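When the chains are written out, they are named A, B, C and D in that same order, and each has its own residue count from 1.
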Amino acid sequence: EDKRIALVVKALGIGFFEAAAKGAEEAAKELGDVEIIYTGPTDTTAEGQIEVINSLIAQRVDAIAISANDRDALVPALKKAMDRGITVISWDSGVAPEGREMHLNPSSNALIGNMIIKLASDHLPDGGDVAVLSASATATNQNTWIEEMNKVKDNYPGINVVATVYGDDLADKSYREAQGLMQTYPDLKAIIAPTSVGIVAAAQAVTDAEKAGEINVTGLGLPSEMAGHVKSGASKSFAIWNPIDLGYSATMIAYNLATDKAKAEPGAEIPMGRMGSVKLDDNNEGAMADPFVYDASNIDEFKDIF
Amino acid sequence: MSETAAGPREIPDRLSSPIQRLTGSWETLLLAVAIAVFFVNTMASPYFLDPWNLSDATFNFTEKAMIGFAMALLIISGEIDLSVASIIALASTAMGFAVQLGFDTSALVATGLLVGLVCGAFNGALVTGLGLPSIVVTIGTMSLFRGISYIVLGDQAYTGYPSSFAYFGQGYVWWVFSFELALFAALAVIFAVLLHKTNFGRAVYAIGNNPTGALFSGIRVGRVKFILFLLTGLMSGIAAICLTSRLGSTRPSIAFGWELEVVTMVVLGGINILGGSGTIPGVVLAAIVMGMVTFGFGLLNVPGIVMSIFIGALLIAVIALPRIWRRISKGTRA
Amino acid sequence: MIQNAVKSREAILALAILAMTGLIATRFPGFIRPANLANVFNDTAPLIILALGQMVVILTRCIDLSVAANLALTGMIVATINTVAPDIPIGLIIAIAISLGALLGAFNGILVWKLDIPPIVVTLGTMTIYRGIIFLVSEGQWINAHEMSEPFKHFPRATIAGLPVLSWIAILCITLFAVIVARTPLGRAFFAVGGNPNAAVYTGIDVGFTRFMAYVFAGALSGLTGYLWVARYAVAYVDIAGGFELEVVAACVIGGVSIAGGIGSVAGAVLGALFLGVVKNALPVINISPFWQLAISGSAIIIAIAFNARAQRQKGRVILKTAEHAT
Amino acid sequence: MLASSQAIAAEDGNATAVPGKLLLSLSGISKEFPGVRALSEVSLDLYPGEVTALVGENGAGKSTIVKILTGIYQPDGGTITIDGEEVFFPTAHAASDAGITAIHQETVLFDELTVAENIFIGHAPKGRFGLIDTARMHRDAKSLLERIGATIDPGARLRDLGIANRHLVAIARALSVDARVVIMDEPTAALSHKEISELYDLVEKLKADGKAILFISHKFDEIFRIADRYTVFRDGELAGSGTMADVSEDELVRMMVGRSVDQIFPKQQVALGEEVLRVSDYCHPSEFDSIGFSLRKGEILGFYGLVGAGRSEFMQALFGITKPSRGTVSIEGRNITINSPADAISEGIVYVPEDRGRQGTVIGLPIFENVTLPSLSRTSRHGFIRLAEEFSLARKYTSRLDLRAASLDQDVGNLSGGNQQKVVIAKWLATEPSVIILDEPTKGIDIGSKAAVHEFMSELAASGLAVVMVSSEIPEILGMSDRVIVMKEGRIAAELTGEGMNPESLVRAAAGIAEAAK
């Protein structure tokens, strides 16, 4: 009997998650006795994900690996899943500890927080004003990263974080927020967008304002979507972890937990196939890998992959 | 006063028997659809016919249906409330805020109900007091109410609801029968009696058919409509309690887009969007049909958006088919 | 006096917008730089274009809740066409977008005209159907900037005489609609059908057909906006412009278009859209948390309709001959 | 009146429009609506330079034939010929192209459009690029309005015009089509004396221009004054036609109703009881001012005035629809406040409104629910409906009024106008009121039903009810009332009793002509 592992994403159709699904399929093939159910709501709402979780519970899947739209709202539904014997883990965007057995961070939050401000700083030897364009105001991971970033920003003297705005992961809203930033802060030197939707919209807004080269858009994005903006100079560099690896790792972990080959508890090391293993902290969280930086030198290599 | 010499001709009370009126009614049609959906689902997925799964499926519609009952009355009276989902957001935010103040469960419930009532009263006052069209008033308050939630919460969430609060959205009354399902059933009965068996319900129908005529017949049109807005606000407050309890947390985006789902459910239930006709059993059946269709599709892992095509088409079809049918039958007779 | 005030409803709204802009300027002088104002206009252009279409629909006593879904579907289809055949000229792309939008609008119109289904039910249904079709067409995938051809993306942002083409298209639409509404039999029929549908029949106006045409216009404009939107933000996915339909209705309502039909003007709809556009653009600039935006536009709608209702309230005919007669 | 010999001349169908030759002819026209046979094989002939009056009871099919002639309805059978050639009107445009124009019974105007646009909508003059030539439209509108002696700005919005000017616009609209046939469907129903006589002048002018005119009216005096010929419909069938010179009023009535009708108002003499209602100093900021009167049991108090004198507004204020700014009402000596119709009803004051379809009944609800709507508190227990009680109450009062219907759960919308009026009255009698206000109780009601309504009013008064009757018809007011109050521009212009109740003093008071006799 195949193990059925559900990969639940924030919303269907987002490039990042499609890539993760590819990774999950890769893991399934490697494991042999796994069937992947790739699913999610069509808009990024907690209520939508709960309906999906309910139907997965009804189908008695063996494991649910979820990237959550809401850290807290999914907890009761996921608790119910665990009560009915389903293995639940979160990945990418986490669920509160009561609602999952473990959480797989793409990278450590501290590393990401440091990385996004470092990327901005690297191209501003003399310092200057930078602003943050975040994603949906209700998304958890961006907020954690920005928090981590603020913790270390004093290590980058001269870099002045002037504002944080929210584009709600909507292309048009992010675009308008980026425009607003440029108007409000005429001396803006960089926009940090730790979201794949926001970074593209910000780069587009900068290009349209004919400020490419003047304002550097950086943060977290997908090579396929950012390739053009790296070429145009609107973005000098950006970082991301590999979503294929992330989907792959989440599937491996879910499989190992569901088949009792591993147990999620503080300090445990859970194997993730070719990605090595993840070590869990006191919160049952672990990081997959360091974020990887993309710039003009390597973008062409990755832009067709994800 | 003299009786006419010839004596008045006796007019019968009714021409058709109760059975005649029942067959061919909208509710009978919906019942047939519900049974069909039930069978198709049972055939399509081995997981469908399981008491616990069916019980879980009811959560897909119970909260929306509670609002739907009040919305049905409101639409029958010729008005509409598009702010219901935003009232949920505001009521939920207020409850979350109350948690921070250390309110206990009963005080939280009171808070949710009160905010619902206040929002309903605000809508009602604008519509009946200033005589504004409800569709635009509630498009405005839809932004306003949720907007206040955003101002209060921003990107934050309220959590930490007391564990006893979880009962409303997660508790079970008996076996697979959840508290929400029981509440849904109780409210269905209450609203059915209110609409079909009381003077108030009669007034609602009269207003929906002809508000001027109703006013000239001594019905307090403004008061009835105001009460309907209050009732819709109250039901949104109750839905907010259930949903917040079920989610265990509050964000300003809670229940986003529900207003149109509720309206869809009500229209599917045979409530005339132009006012004047429709029944509560119809809404109950429509809720069950919609719940079972979504759940059935979900079991087959069909994306939600494909279900919405189905629901959208169903909505148009159920209104269009009787009209086409009437046209065809008229054509053949002529 | 009162009649003048009613007639200059648009003037009052324009004044309100000016006052608001002035107020913003006191906190952020840069806001009234011509370049920034041009930018605000450009940013509001899609809303303006859609509000024009919605206006004619509302004039005929109908409503179109499917405009945003229509926009998204048309946008997705032209973006897909562009990825498949990047060499198709922009003119053809625009023609496809407009015709496709008009076709989707015509579908609404046919249901309203021939089957006599209430407009709100029709467009509530087609709204979800059109969104669903986008999912089927795109298989849920996004179309991103790098997949679109340069000319495709460039067209709306190319500048002519200092203004982007997007703004020029909005200006063109405003002019066109001003002429259609004021100077063509169909334009006047929109008012007649909404103002008194029974009477319209007696004057030889086909009520159903007129409504149908209103939907076709709204659809065509949605289609056009679909291309402009997708090209401007360089992205197409299922949920673009989600919930925008209500903003479009709000713009019309703020602009004094009566939801009961028969009352409204091109200037009103444009000003209503500009009002929302200014609010939206000003908030981030004057450092008000974006979380306030929703509540502010909600309040604006409520105040605007309360004001319009007051201005339009049937003054009751005055039977009593008062002062002026007595003296 | 023109010579009757033309009727014979019309028989030889000549193709050219020689005066006195048949211009337009309908024959064998039938029209069926779901459940109603509105017309069956009727015929109608119109001659240039002559006025043909079309008469018949309510629902006889008069307006239906107008709608067929103007292309709004298409007949199920029969032919229409113009100058002997058969024509067919699939649309309203086709009819106006054929030279037929009409002033319809319903207002067909648009509040938000200008006067000129109202006149020309559907056939506006076009200029360059097929756009409407606004300047020419305004010029044409101006000259049309001048022709009918109206001084209205063509650029004014219709919404800002008064009722009389609206009517003139409607007439100008009808004349804006270069027509050979002009149809007027009850054109004088809403006009005052002065406007009515101007309309008669216009009819004379149109006659002189050689137009064929079809004139529909329930008012016999005007029919005999302006018509040359008549056609009578009864229940959708042709009941007779001929020249006015050859017919008497009695014969015409017999053709209409199939029997002769006693047109004398059957007011019974009733001994008046004590005072029931007293109104004093009732004011409204814009509608009426210092109205006061008292009313006794068994009395019928008439309210006369020109259309728009503010009678309906005052009555509606008394019924709690609009709020007065000042004033007191007392019932049986007890001061009461009326803030809503519900208050009025509970105090025993009820109102039969002028507009039956919109205000009087709730179309869509069955007959019995309409009847019990204001009495629900009596048929229910603790707010819960008791159907058996409702049916028995509804049956009691509908049978008292001799309602004609298939069943009590039939939609009131399916009833004829007269039967709808009976439902409205039954509804109020069921509340056992002490004062009943009837606003234009016989407006638009045919001669047969009218007598029945009058008889019933008289019975009500005899049974001790106090009756207020608003009417614009002098014979009705004089025939039915014990006392008459005349209103002018929102104020009481005169109160007439006994000998003072004569047509001349009514007209003088209503028009505000200084009473030299006094």
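The definition used in the following text is that a residue touches a chain if its C-beta (ideal position, glycine included) is under 8 Å from a C-beta of that chain, and two chains touch if they have at least 3 such contacts.
No experiment lies behind these values; they were computed from the predicted model shown.
Here the chain-to-chain distance from chain A to chain D, counted in touching steps, is 2. Taking the mean of C-alpha positions as each chain's centre, the chain lying farthest from the centre of chain B is D. Annotation: 36 Å between the Cα-based centres of chain A and chain C. Averaged C-alpha coordinates give centres for chain B and chain D that are 43 Å from one another. With touch defined as above, residues shared between interfaces to two or more other chains in chain A number as follows: 12, 42-43, 137, 166.
Along chain D, no residue makes contact with two or more other chains. For chain B, residues touching at least two other chains, in rising order: 150, 154-155, 252, 257, 303, 305, 308.
Across the whole structure, chains are in contact as follows: A-B, A-C, B-C, B-D, C-D.
For chain A in complex with chain C, the residues that touch the partner chain are 11-15, 18, 42-43, 137, 165-166, 170-172, 175-177, 179-181, 183-184, 186, 197, 200-201, 204, 208, 224-225, 227-229, 303. For chain C in complex with chain D, the residues that touch the partner chain are 3, 179, 182-185, 188-189, 191-192, 195-196, 198-206, 262-263, 316-321. Per the touch definition, chain A reaches chain B in the complex via residues 12, 37, 39, 41-43, 45-48, 50-52, 54-55, 57-60, 70-76, 80, 96, 137-138, 143, 166.
Across the interface of their complex, chain D is touched by residues 1-4, 8-15, 197-203, 205-206, 208-210, 212-220, 276-277 of chain B.
Residues 45, 47-48, 50, 53, 56-57, 59-60, 150, 154-155, 157, 159, 166, 169-170, 243, 246-249, 251-257, 294-295, 298-299, 301, 303-305, 308 of chain B touch chain A in their complex.
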